[in-house]
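A, B, C, D and E label the chains in the order they appear, each numbered from 1.
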Amino acid sequence: MPSEELPAARPSEGWGVLHLAFSIAAPREPVSTAEAEALVAAFEGEPDQQVLAFSVLGQRADLGLLLIGPDLARLHALHRDLLATPLATRLVERPELSLVSITEASEYLEDDGSPRVAALRDSRLHPRDLPLRRLLCYYPMAKRRAGADNWYGLPFEDRKRLMYGHGALGRTFAGRVLQLITAATGLSDWEWVVTLLVDDPKAIKDVVYEMRYDEVSARYGEFGAFVVGLVAPFPQALREAGLTPS
Amino acid sequence: MPSEELPAARPSEGWGVLHLAFSIAAPREPVSTAEAEALVAAFEGEPDQQVLAFSVLGQRADLGLLLIGPDLARLHALHRDLLATPLATRLVERPELSLVSITEASEYLEDDGSPRVAALRDSRLHPRDLPLRRLLCYYPMAKRRAGADNWYGLPFEDRKRLMYGHGALGRTFAGRVLQLITAATGLSDWEWVVTLLVDDPKAIKDVVYEMRYDEVSARYGEFGAFVVGLVAPFPQALREAGLTPS
Amino acid sequence: MPSEELPAARPSEGWGVLHLAFSIAAPREPVSTAEAEALVAAFEGEPDQQVLAFSVLGQRADLGLLLIGPDLARLHALHRDLLATPLATRLVERPELSLVSITEASEYLEDDGSPRVAALRDSRLHPRDLPLRRLLCYYPMAKRRAGADNWYGLPFEDRKRLMYGHGALGRTFAGRVLQLITAATGLSDWEWVVTLLVDDPKAIKDVVYEMRYDEVSARYGEFGAFVVGLVAPFPQALREAGLTPS
Amino acid sequence: MPSEELPAARPSEGWGVLHLAFSIAAPREPVSTAEAEALVAAFEGEPDQQVLAFSVLGQRADLGLLLIGPDLARLHALHRDLLATPLATRLVERPELSLVSITEASEYLEDDGSPRVAALRDSRLHPRDLPLRRLLCYYPMAKRRAGADNWYGLPFEDRKRLMYGHGALGRTFAGRVLQLITAATGLSDWEWVVTLLVDDPKAIKDVVYEMRYDEVSARYGEFGAFVVGLVAPFPQALREAGLTPS
Amino acid sequence: MPSEELPAARPSEGWGVLHLAFSIAAPREPVSTAEAEALVAAFEGEPDQQVLAFSVLGQRADLGLLLIGPDLARLHALHRDLLATPLATRLVERPELSLVSITEASEYLEDDGSPRVAALRDSRLHPRDLPLRRLLCYYPMAKRRAGADNWYGLPFEDRKRLMYGHGALGRTFAGRVLQLITAATGLSDWEWVVTLLVDDPKAIKDVVYEMRYDEVSARYGEFGAFVVGLVAPFPQALREAGLTPS
């Protein structure tokens, strides 16, 4: 079935993002990956669409995919079409690691009409051509609503001040860590998805650990499952994950 | 077995609602969907019954169904009969995403005998002909009972005042979001099921996120698993979900 | 193996109760149910033993059984023997919905030697001939032990007063709702099992929801998984659940 | 492979204990149990080693085994060797109900050099020849560390006083209930495993329920999954659980 | 596929660590382990790389592996390559017991330029030639962030003082217990992984239990799943776990 059959589902602002995770079914016999590779190549040939592929460290999963683009229906179609290829006979879906989100500009970013803010907003809403760092880490996040530690009970100004300090701390990792934060409230069980791209595995630990002492995380942060993998072009990621092409 | 064998199980007020979710078993070989399509068409041919079908985004599930009608036994019969068709050989049930509920008019809505309130009550108790927006989101909800944040310890008047403000905020999304809230206490592990119908994926995020700052959600809301899918007529939803007809 | 081989395991006071739940394995091919039906008929032919069968609404399970009688070993034997019949080749056990309990008279019921209290105690300890209402709902329950809300830290007189009010509210549903509360502490992960028998699905929602505002539930109640099904004589319940006899 | 190959793993004080649980895979065809029975008999023929076997009530599991003896490697070897017999083709392991622990004398028991305390310590550290009561119940336990209810923040003298009262209440059940408490901290996710042996099912409910009002449990007790079964000699327990010998 | 294809993923400081756990699939037929043994031998033949293998006690898993070395990609390649050998046809991965971490020197260890501190830092960052004690225990850990018990809200000096006392208590177990603590924040759902190597099973209970009374654990410690196993050279560990070589 051609994927163009799906009517679009485009956010009125921002792009869609799907984080997908798969385990490889035993026995690990060779499988034809050509059809899947062609689907990914075609997808990436369309404007503003990208796939980040990674082989997952540990036993949590084997293969991870981050799909990004303006139309959630198009991302869904790629996901569905991949599952109709021979490759899918070796894959087991890991729904507990799957997340649906959309890109957003921070609500705490004041739009002063400057080109700087416009560029910042654009880079957050339309994260084109994400670079292939050696590792990718993603995890979902929510703000705590428990007794005296209720983020959603804070006045906007307090939240803005706290988030400003949080962001400033995060920016000290610029260069070492490329960070993408997307909105998941209502789309997943969590409120945001954080994706980190790094070359140094220690940088993942450093940024997540050091920011945990910031009040936004220390007092108000709730974190879900962390997935870490080795990024590579799709065909290479399949091999690094253990999928031997036939 | 003809489904008419089941004695009715009709709520004395309101209709029954079943939210069902399925994954597609690998390999995704073509399957005959004709019998399932005929069952759904027959069901919808009876008065006051409707099926909303959607292909689920992400890996949480593949196909979702919302069944609504006056008789829970009739909804159950459709569910059971679908599982006896060839289509069911490709489906895996996802019980953790399944919810049983019944429609209700809000207890905080004062019945002043006016036609306006009568119409409002009727639209909540008998939600006929729900429109096919591009996306459907559903999730279960409960009110918190924890320490100082115990909804069930609040006087009725306080709850009424809080819910009035909550509803007023919700109404600012009228047009962008069509919302159906059904009662699940005693029928599911949660107390209510929220179903949202939208054309803009961002509208799901906006309404759930913005309402989270309202005291009813911020302090008293507990939320379960969120499922989001692309709505389509049943035969098309099967294809969009990845079920290729033979 | 004849079930009479099992030495008895009779509570010194009260009867045993098993709540069992099963899903039906795909594909739903016809299966011989005759042997299972004969086992249930023989069980019910012995004194003081009863089976309530129901097809479960939603995807949580397909078939539910409530086994009740004076000897836990006899209930266990029926369960085991059912699993040795051809019917069992279509059933998947759902241990997360299974509960072991025994009947009990309330500890807060003062025995004043009157025939009224004696009859009440007898009806709770020996619930003979439970009626077949259209629906059955069961769920496990525990009393909270958290910070200031610790039921087990309350003096007996306070608990007695609270439970008296709780029971009085429950009795306003007499007629609409038949309720059986059995003791599960030490036998299951929860402390009690509540079984409701009703003809009106809305009555389940009404009684559980309205009692949640009573302090016993609002402040001290913890609730587990709710299972709701359509009650029918055993052979009919099998058909309503989707088990087509061969 | 002969089990004597395993180097010993003996606690410097106390014995090892394994609680194991299994479900029976469908279909329940006859299976040869002779090899498994021989392994258990050989194990019990060695000094200070015992197997308690029971068929589990409800759907949580079907067969339970309690292995006890001085050397954890020897217990492990029996477990491993049982899984290499034909019986194991009918068994599914239930890891969520499995516990590893070692016997211990209470740290609150003052060693005054008396023969009474020496005998008490010996009976706790070396529980030889546990009797076959009709029922066995086991569950894991931890002490709470939450806000104001933090057992591990209490001075030793307070804990000793509380545990003395707790033990005195427990001793009122002597005769009706035989109780074995073993240490699991670091060996399992919980801190202790409680094993109860009784003839009257109601005695399980009575002792666990009544002790829950004692401050040690009411305020500081956390409890895991409860497993209850019918005890019998190993070959009979296999039959009671539904394993028909070929 | 040769494992050298994977580009390196070396932390800028410290080594990578993978904790892996497997169950053995029934039936336990003989399997060729030669290829897996050759892979492990080759891995250990490269500098600074080690595999600790153990058969797991209880039913939580059957075989455990701890992989350590400077390059996470190399550890991943061994994991992946093992799953392509015949041995893997008998193994089922247990992702819930898998952890990714990196070695670290304690942040509370002041670097005074002395050879003593340099040696201590080196032994923590580069734990070469871990000894084969009879038992290995591992578990993940996080620091609590709940209400008044929020580790991440404490000043550095308070944390340093608390950790100093905690470490001093831990050092009283030197000799009986060899302890490795690795950093998991951002790499796993937990913040640290603790690995204990002992000859006496009671030493595991003693160290974890006694340290639980220290304020760092009592008030701020959160603990995940504990896995305990019998350590042996890889080929012997396979046999002790129940994998019979063909």
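One rule holds for everything that comes next: a residue touches a chain if its C-beta (ideal position, glycine included) is under 8 Å from a C-beta of that chain, and two chains touch if they have at least 3 such contacts.
Keep in mind the model is a prediction, meaning the values are calculated, not measured.
If you take chain D and chain E together, no chain is in touch with both.
At the chain B-chain C interface, residue numbers used by both copies make up under half of all numbers present, so the two copies contact each other through mostly different positions.
In this assembly, the C-alpha centroid of chain A lies 45 Å from the C-alpha centroid of chain D.
Chain A and chain B, compared by their mean Cα positions, are separated by 28 Å. The multi-chain contact residues of chain A, meaning those touching 2 or more other chains, are 146-147. The touch graph of the protein chains shown is a ring with every node of degree two.
Following neighbours round the ring, chain A first and chain E right after, the list reads A, E, D, C, B. Those residues of chain C that touch chain D in the shared complex are 1, 5-7, 9-14, 16, 18-21, 72-73, 75-76, 79-80, 83-84, 88-89, 91, 93-95, 97-100, 102, 104, 145-147, 150, 152-153, 183-189, 191. Against chain C, the residues of chain D that register as touching in their complex are 23-24, 26-28, 55, 57-61, 134-135, 137, 139, 146-149, 196, 200-205, 207-209, 212-213, 215, 217-219, 221, 223-226, 228, 230, 232, 239-242, 244.
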